[in-house]
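Labels for the chains are A, B, C and D, by order of writing; each one numbers its residues from 1.
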Amino acid sequence: MSNVPQSHYYRLVVSCPDQVGIVARVSSFIAQQGGSITEASQHSDLETGRFFMRYEILAESLGITAQALREGFAPIAQAFNMQWALTDTKRLPRVVLMVSKESHCLVDLLYRWQAGELACDIVGVISNHSDMCALTEWYGIPYYHIPVDPQDKQPAFDAVEAQIETLDTDCVVLARYMQILPPALCQRYRGRVINIHHSFLPSFAGAKPYHQAYERGVKLIGATCHYVTEELDAGPIIEQDIHRVSHCHTPTDLVRFGRDVEKAVLARGLRWHLEDRVIIHGNKTVVFS
Amino acid sequence: MSNVPQSHYYRLVVSCPDQVGIVARVSSFIAQQGGSITEASQHSDLETGRFFMRYEILAESLGITAQALREGFAPIAQAFNMQWALTDTKRLPRVVLMVSKESHCLVDLLYRWQAGELACDIVGVISNHSDMCALTEWYGIPYYHIPVDPQDKQPAFDAVEAQIETLDTDCVVLARYMQILPPALCQRYRGRVINIHHSFLPSFAGAKPYHQAYERGVKLIGATCHYVTEELDAGPIIEQDIHRVSHCHTPTDLVRFGRDVEKAVLARGLRWHLEDRVIIHGNKTVVFS
Amino acid sequence: MSNVPQSHYYRLVVSCPDQVGIVARVSSFIAQQGGSITEASQHSDLETGRFFMRYEILAESLGITAQALREGFAPIAQAFNMQWALTDTKRLPRVVLMVSKESHCLVDLLYRWQAGELACDIVGVISNHSDMCALTEWYGIPYYHIPVDPQDKQPAFDAVEAQIETLDTDCVVLARYMQILPPALCQRYRGRVINIHHSFLPSFAGAKPYHQAYERGVKLIGATCHYVTEELDAGPIIEQDIHRVSHCHTPTDLVRFGRDVEKAVLARGLRWHLEDRVIIHGNKTVVFS
Amino acid sequence: MSNVPQSHYYRLVVSCPDQVGIVARVSSFIAQQGGSITEASQHSDLETGRFFMRYEILAESLGITAQALREGFAPIAQAFNMQWALTDTKRLPRVVLMVSKESHCLVDLLYRWQAGELACDIVGVISNHSDMCALTEWYGIPYYHIPVDPQDKQPAFDAVEAQIETLDTDCVVLARYMQILPPALCQRYRGRVINIHHSFLPSFAGAKPYHQAYERGVKLIGATCHYVTEELDAGPIIEQDIHRVSHCHTPTDLVRFGRDVEKAVLARGLRWHLEDRVIIHGNKTVVFS
């Protein structure tokens, strides 16, 4: 169930109030350890005065562990009032996929994961239906069938939350789960639940977006990968893409085109999240893709 | 002020309730006249049971005038309960452009018109400002400066309508006019007033769409070319396109990218309208592009 | 192994020298049988004077079988010197997929086929390796492992041809087969063997196109779906698409992006072929998509 | 003739052999001067072991002139064996545009320049024809008509080179000049002459690329912005883009679509060049867009 990247990196991700000298201080610290930075990204948001950076550091160029590096870095982080994380690519994020009956996103993610495109452990698939069980287990992944009673959904969501907890989950992916998670769950896993919405948000939030798009007569349909928040379809957007349509196309065609867009957008968004390329900034994202 | 296409065509555009035999009847009529059909497009809308077609017929292959062809076709049109038009490409549509202070769409349309990409006469430019006068007159086109009093707009709109009337206008293009036309004018020129909206509708209708898009943190911005109706930004969509943006981009960047999308989308939409490629169908369009 | 479309259609596909009256004659014939045309496409190639058309006719609107319709149509076809075919959507094309070790196109096609996006029977997968056997058989499809001896390839190709023959194959898809088929096989199945080439042809024909693209420093990579002819990577192009790349991307990234483009382009090209939307015209194609 | 950006920046652009400590040394130097870095980009090319960086530094945050900053930085540059430049956005690059009879790129660039999208002085337009004179002079820019004798081109190219020299030119843009510059001129202005080629290179190098594309039956056409080298159409690529085409489109349509792609690609490429975002790396480019 593992996809270890070929090289071993530490990733430092920082956001803090912007000021002169941040890069100098951070890069000097890394250089003093002999750290070789293989990828560096920075962004200064001029409107909010906030600074963002992400460094990918070759682990073998440093003589120390991730934990030692964290301890050395902590005083700098404190001095600049940073929100920060230093991750070790040897420790793969633990991902839970949640699906309903639509299989295209699940099939796509499992294939990409097996092909080594997604650096994570997929520790389980949770579904309110049993349809995707055989496929999931073919990949050697445990399947948790937790039916949702439309009259009383909370027990199911409690079971979902317990299962996510039990699996020691870093990231939950709603790969067309089609159920609205309760606010408490959204809050608890804030910034760690990724959804694919099958419209070009903010157009056509809510149910049956392809039918809404068809009714409005748009000439492009889209999909949106975003973090889940308490407010439906309104969380920070990670990635979007579109597909051209015309008067020839029925709602069925839109659904078919949309499947391809959804797969692509979710796969990109998740990959970036897993590689610590996405930083939430208010209700927006900085994406160092 | 003219752009005559090199070949001479009649264009037959039809919409009617679908039934067996329409194409047979129409194409047999054209064939009996010896008409050579150089382009043919058809569409059956299965949901509404409506049929649409557009034929481009080489005029020289027929022995008769457009008017004679119309007279011959009228009984067929009546038998099938058609809405229809037969246009002659020698008779160029008379177009009025309306602008405010933003010049990019005007500059683009005038250039394309001069380059022969838009088969029309541009008979005048109407603006609530005088900024674009020199440019317009450089192209030999009359400029009508009709200021709009924010406290009392109706007199200006009356003058606009009178000018459009005087110019015997077939089509009005709101090339970033930035004023909302009164309902009466919208109704009178229904299906003949084309607007470019600087967002991917239905997202961000109304004012300052790029700033709305920036605030929402979308990853794609867009533009929409549509027919104007009484309801703001809600008319039938002709064409849309998008441009990718990221956290790096300020609202100023979005405006800059947007200019290119607006120009492209408006130019395509107008070209299709002028070539009788757009048929309104309820609040949607059939576009035989 | 079947994907029967929900409605039952006959598809008439024609190419012939252009002249006045073709559409009238064909559409009148269909109308006389009471045939309801649900989709109609036509194209006149002005350079070569050739005419192309494709009709989709609702079978239940006709009182007769496909074979009776063919017999009735034959005199018309002869009068206009047509190349033509009338297919019945109840008779699914029999498709053989050929693969090597790269799985992405195979996985994608099998999934789309199972999801009902490809109206065909997949009657077998032929490979020079055994890697894809388990996956193929999971879908209930026979797998034929025919190793190719690099020193003497002809025996393998003879076995391949025999297997294709035995399976009564309508269409062969080289889904990253990575072997060059012998000319005799290309000729025998002319217009029925579809390849996906992993470059934007005619750029980077031949081996290792992503590495060629990387060396040249292009900013877009692509993929091309085309019919196979005796001349390598030079057959009629059905579909192409691209993906943006930058200096950040290694050849490995290009290969990864390319997989997505290849999948999409091959799936579209094959779907159009299976729906009789592609007509070969010299070394080009007319695609009524 | 000037477009001064609203803020005043120094831009530091560096390429050098990669090693630990470059960013630390450079950013510490900037920080010691109190320099506020508003945009930072870095790239390590793992294949060649070369490092690239670009900093945009707010001039007012430094107490010193560009020249003083250069002097302070020189020892660092030497220590790391850097190729480098420090530019001052108050000193606008001096650009010469060269055109033939096709006007679309010239019109587009002049408009963007006037609209403030291109931070440069356009100091002259050179053409082998007189067609674009009126337009150029309408923008207040000198027009140099230097006819090229097809039997003996060198005198014209000598005059062109002299004019470029006289105008103290930083950058030459071949905005559809349609003449092949002599090798000596290419060498002398290496990395400073930008061309727009009307194909998706390396496909269809040389003459009449749209007709070549039409003959090959491609489904996408493109344009390529690249630096000019002695080898025709083979220099480092800055930017490319494409437009979808089909069997419906004649070579004339391809030329028309191509104009839009050419304009967009050249404008982006030139803007990036003028903002010091493009670094040549062998026969490829690093583009910090």
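We take it that a contact is a pair of C-beta atoms (placed from the backbone, for glycine too) under 8 Å apart; a residue touches a chain by one contact, two chains touch by 3 or more.
Quick caveat, the model's predicted, so the values are computed rather than measured.
Engineer: Select the chain at the greatest separation from subunit B, using centres from the mean of Cα atoms.
Structural biologist: Checked the centroid distances; the maximum from subunit B is A.
Engineer: Report the chain pair from B-C, A-C or C-D that duplicates the A-D interface, where duplication means over half of the contact pairs agree by residue number.
Structural biologist: Checked against A-D: the matching pair is B-C.
Engineer: If you average the CA atoms of subunit B and of subunit D, how many Å lie between those two points?
Structural biologist: The separation of the two C-alpha centroids amounts to 36 Å.
Engineer: Between subunit A and subunit B, what's the gap in Å when you average each chain's C-alpha atoms?
Structural biologist: 42
Engineer: Touching at least two other chains at once: which residues of subunit C meet that condition?
Structural biologist: In subunit C, the residues touching two or more other chains are 46.
Engineer: Considering only the defined contacts, which subunit D positions touch subunit B in the complex?
Structural biologist: Listed in rising order, the residues are 103-104, 107, 111, 115, 117, 138, 256, 260, 264.
Engineer: Where on subunit D is subunit A touching in the complex?
Structural biologist: Result: residues 20-21, 23-25, 27-28, 30-32, 34-40, 42, 44, 46, 61 of subunit D touch subunit A.
Engineer: Could you pull out which subunit D residues touch subunit C in their complex?
Structural biologist: Residues of subunit D touching subunit C: 43, 45-47, 200-204, 216-220, 222, 236-242, 246-248, 250, 281, 283-287, 289.
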